[in-house]
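One chain, chain A, appears in both complexes that follow, with chain B as partner in the first and chain C in the second.
Then we have the complex of A and B:
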């Protein structure tokens, strides 16, 4: 009996060891990723149609001086220390020593200064192993700015942009495919994966099918499909709601009547039905541009539907124009949401005609917030929505609120929902850290059963 | 208008009338046949449409039944029993099911007519379908206007309750171009469907089975008529200025749910074939008319030639006869009435010629008799004194020689005088017979008249009884004349005037220019004048009103004037004197050329 007991203990220990081995990080393998949109180029300073997705890719190849974690706190990147002068206009960054670009050349203050000048209008001066950044105005958002992918440190030469990130570019077929190999000399330590294969231009449906067939390890998932996929037993990783779905008018309101009608439109939209039915219960009804978890004040903006008030407002205006509501024809849920908004508008006497494309009076737009810093997120989001940049007098929540409120009072933007960024993961992906800001950390994942890119 | 033209016009008019009547008849028959064919074709197409409509309706009913009994409908019906049904699970369900059953419209509606899932308008979940009359669901498919995000459309719908009875399935197929294309349309026809889904007529609601590019606004009137009275109408629609593009539209009302007019079916037949046929008929008619007219020209020319040529020959011959040419003869080319006419004409001219010959012969005999009588008279007058003188002389020979001597002298004187008289008479006759041909030269008539006046001036002054007046036109042009002959003629007229005034008087010689390029010479006397009867016979040879005249003076004058291509006339009345008027042509150049040609011929 005692002997049998030892044998049982030995077998159990072996099983536990095997189980532990399955979750233990291991090197090797290739992660296959499918995405809908591709970056215009691999230069992070260039404008990107989907800055959020492009930012995730750039973070694999490049480093920034400072890095924002998923709580928004800033961590050392290529800069190991920084200091601001008392006037908040002059900043000094001490560079991480021993870091090399992809071509083996060291990251010097000159290279960093040249890279930052490419993306900004700041005065950047190399000073030994440090760089000094001079601003025209005091800027409390500089560190958050420097954490954005567009301010990544890049060495630009005839062979193309080179970075210091965890992966190096092996092949780039613009708009179609990007092959990355692990940077053996990465200052943060070699990534577990040997390589990453990213393919672009894949629809949600194609991505889901590929994930189902085991051809890819990471795909994007439409937020409204997240629950269904979870219900079907798929691995789904969701961020906090950081994609803004909003109506954006092509121009500012010019008359009081127009403002009244825009207010009526805002009031008549049944966000609850749209969220529950069309968005599959995902996301949050949005009254502000920034979600509450970033700004902390979003609850101050109303989101309730008030059809009676909307009808009264509409009744107060003799003639209402026929608004065209544009939507992205490649976004089927967006189209149905636009249809529903048109129906809601019709209920209160507003005339809204749908129009596929961007040439419309009012457009249904999706914008992903690029930063967890409220000020930066607000600035970039408003800029992407085509509105004039808000005036931010400080980094405090009060100042950001005032700026956002000012934007919303202009009635050019009607926030509708904040949606999470959702990824579908293959069963082999291990170590995927669910991040609130929706950014990838492919450097931290490993494959349970590594396979070669030729598989 | 001559006979030939009349004949041509009559023939051409006949041809045009016949061809036009034929073309009209053919055109009318064509139109009638086309209308009949069009009517039959439209009827067949309407039946075909009805069959296709029924077939589609049955398909829709069947598909909706299948869906209503399906697993998805059952699951949905069960879900609806929950306190808070999750509509989100079914947003795309209707679209997926509709696609798999090839339906254009599909809605799942709960017992309160709330839309659970809509294929045609997914965003309409939770809204009520007001058009659905659940208590009285028709068993067959029916036409219904369906609201869509981009407007409205007409569909063939069927409604079925799902298992459990709390869920209803309303599905349908759109009456669109594909539906119309299933109709087997003959060449030249097309089917259009007007969806009566808007507040007013809109060309956007017209579905056309063809690729015709013209706008559909022109069918608005006929559609309006059908919408107004709900009855069938037919009209011709003109699309372009080209009549070949015209179409006959037959509009049929399509009843929808609860009797409302849901649409209008338009069966259109192109008039191209008819118009082209009509144009061909017209072209052929024009061609035939043209050819007929050309043929008629030839025929009428030939026929008119056959008829009018003998008539024209007769007319020409008649004109020749009128000019005095009795020897003309018309050719008798046929044995018909015209031949007989020509033959009669020939007989007539022959008889006229014979009568003329006889008349000439008779006149010649009469002239010879008159000449003999005149000669006898002229010769008898001197013979009687001669006889008396000779008898007196014979008688005196027996008497005293002194008496005889005296008688002899007197008698010889008398004999010589009478013999001279005889010689004078014979000389005048001889002169008349030897009248020469004129030798035309440029002559100033005024000069000639003055010469004649100078010849007689001494005689007139000696007698002191005759006064001469000259009234000469100084603008008188020269004339072509023989001055000697003309001098002689004027002298004869002056002598006649002097003879007409034994007691004296006034002789007036006047010249003037006539507007017809002729010159006029008047010789007037103030004598006793002559009667009209005498005037008529005055120029007859050997006629004289004088006791001792030969009757040749005025005949010579007339002969000279005639040789100068002129005319002479006399105006007189008893007691008012006599005026001889000579009119002569003034064509000097022509006379000269004639004279020269005559000389060269000689």
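Then we have the complex of A and C:
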């Protein structure tokens, strides 16, 4: 444009006249969100079948002492400062003054201590406007753990759990619907939205249709559908790849032959073909439990297919058992991936039979990583995969690598893919922050619609 | 007690972090720009060399290096050369792979928080040994300057992690005042050219701040400055001892500077002006709620532009209120005087939705409709503040850099070009 001079600039600006725009967020409006799974309850300390989705809901209602930002660095939440003692077993958190729960009662050190004790076995002692956390062992991961939604600060009483978060619960119909209203007194500033209406139990298909019809503003999108939706002109926002799709054996390998066969199974899976054909080109082939963007070292774990080596390994074992491969029948893509893996296995002489459900020798499992802290992400993922907890001797990348390598050497888990979390957005949604960890920031979105300025 | 605690970052103290603070005050002829040089990597190179040497010991090794990170090739070249030098200093002799007792593959990788350098050491048929070193990411500051027949010149002033609401610049003695949500910080320039924090004043407020918090800093003649925030007015005292007094206040915020005085009430719980003016424009004492306003001198009267909360731009002259035909303006406007064109331009942001880089462009108003007179100047992220400075000839723009997450303040001026 430079070489045409400013006269052309002027003309072009007039040609595009009358297009109104506004960059500043607008207050008011309701965001309608449809999701597949509902939290078991609104108490963040309760076990959740889908901790990732539940965590997004809990972050709307509750606050944690510390908050992980988009790079995993920890920022003040309900705690404004913290210190660790030399022994790394005792931690002190100074609480943010003036914060209130939904019932108007103040957030005191006693309340915070009671909340944290509910979710953990730590010793938590109120001390004036601070709380002291005592641990049995030194724990450098404590701060990252405190940022997890399950450690949200909750006031529990007969009326149910209450939080200090940006929204307050207006109505909760378990498993079906959650209505939230803006917390006018939120310490981080009132949300731009007046309310959020979340409905649960909606299939991907129903969500997409509702988005198409303009009935909702935010829906989940199956990763393999992301490119199609984008191609159709829909707004799609996706995280970095953080959902692990993996094969998980029900038990550890007991013999050398079993280890060899598991190694052959790992080598025969054609991840690239599965990714291109069945996953619509989304995600990344996974050699590790943690994706490279979180760990920085995933490339050390091989993902290449080596049918020749797999056949050799299989040939070295006289009698191979028949493995049953379980998949979730409600996950159609999971089913076709399981079928393809069974075919890959058969090509190298392994015998794999498909079995819908969870009672199988090896299971196809999806796990979303819950933290940007590599150590915490590894610990929680391995726990959800049903494997013994990894031994983490420190927070350094080297220590986390050694722990993850140890888990993978056990051959119980065969990582397959890391997939992004994908959302479809309506045209009125503004300010949607595409966070790498897939967490929502509904507190920061606003609706691009005419509104009353007194909202 | 140990020193592990959360503290607000101090801009002048951290020049080698992922979200590096870059101090620069061009208007005062100082630019402490990041300087990524060989020495930046020395510590990590030494640590990696020591870890590798602990595995291999002295002897013949081969080294190959792969870059899987966002490091530029120039950095990779520097690191490769320096690693080789470090290896040799540690007694490792570089040979071809088929002659080496140990084959070393160094991969420059990165994770969500830092660069991660990984050494994979293969000796004979043993399982490879893996060693790792983390080193914080460096974020080079890139500032673009536009030159055009008439251009918006973007002069970098300040960059920091904490949100910047407004910036005040005092030329003599050289000082910078940074208005943040919870504090006002004064920096002074030392003889060495470095900037150091002079004073820090916490801002007391009873109510939680609204989201998309806004604030405006005004330098004063009888005292150092006033800071306007939603529902709060802070005034620095005059006299030998400087301190800050903040009070709940619904006083209107001054707009337009000395040449075109106009005050407007700001909502204490939202991010916009209510539309009520004081003392008013002629017969008009109210306009629709607006985000920003800019005056245009018209000989005997002043035409005010208001970027309204409903997305429209209103031109108000005291008698009439006309909707302006504009081309995708954002919600932030500021006027600047210059010696080119009609002598006064309006700077307007683009209409990105807050998650994409924004632009600022200069417009003139030969009549009632705007004419773009510059190219759009790219910012590194959404513009979160745009205020005309006291002189009227420059404006302060603050943008949130989407890549580094730093808040970057710029002084904007109009260049007439050659």
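Note that in this section the second predicted complex is superposed on the first by the 426 of 455 C-alpha atoms of A that agree within 3 Å, B and C clash if a C-alpha of one lies under 4 Å from a C-alpha of the other, contacts with A are read in each partner's own complex, and residues count from 1 in each chain.
Just so we're on the same page, a contact is a pair of C-beta atoms (placed from the backbone, for glycine too) under 8 Å apart; a residue touches a chain by one contact, two chains touch by 3 or more.
In this text, all values refer to a predicted model and were calculated from it rather than measured experimentally.
Enquirer: For A:354, decide between first (touching chain B), second (touching chain C), both and neither.
Expert: Only chain B is touched by A:354; chain C is not.
Enquirer: Is it chain B or chain C that touches the larger share of residues in chain A?
Expert: Of the two chains, more chain A residues are contacted by C.
Enquirer: Contact-wise, after the overlay, does A:185 reach chain B, chain C, both or neither (first, second, both, neither)?
Expert: second
Enquirer: With the two complexes superposed on chain A, say which partner A:278 touches: chain B (first), chain C (second), both, or neither.
Expert: Touch status of A:278: first partner only.
Enquirer: Quick check for you: in the superposed arrangement, does A:330 touch first (chain B), second (chain C), both or neither?
Expert: Touch status of A:330: no partner.
Enquirer: Name the contact category of A:340: first (chain B only), second (chain C only), both, or neither.
Expert: first
Enquirer: Please give the residue numbers of chain A that touch chain B in the complex, ascending.
Expert: Against chain B, the touching part of chain A is residues 273, 276-281, 336-340, 342-343, 353-354.
Enquirer: Looking at the complex, which residues from chain A come into contact with chain C?
Expert: The contact residues of chain A facing chain C are 1-2, 5-6, 9-10, 12-27, 69-76, 80-86, 92, 184-192, 292-297, 299-300, 372, 374, 396-398, 401, 405, 430-434, 436, 443-444, 448, 450-451, 453.
Enquirer: Within the complex, which stretch of chain C touches chain A?
Expert: Residue positions touching the partner: 1-7, 18-19, 68, 107, 109-116, 118, 120, 130-132, 134, 148-150, 208-213, 269-272, 274-275, 288-289, 291, 307, 309-312, 325-332, 349-355, 358, 363, 369-375, 382-383, 405.
Enquirer: Within their complex, state which residues of chain B touch chain A.
Expert: Chain B residues touching chain A: 86-88, 91, 121-127, 149-150.
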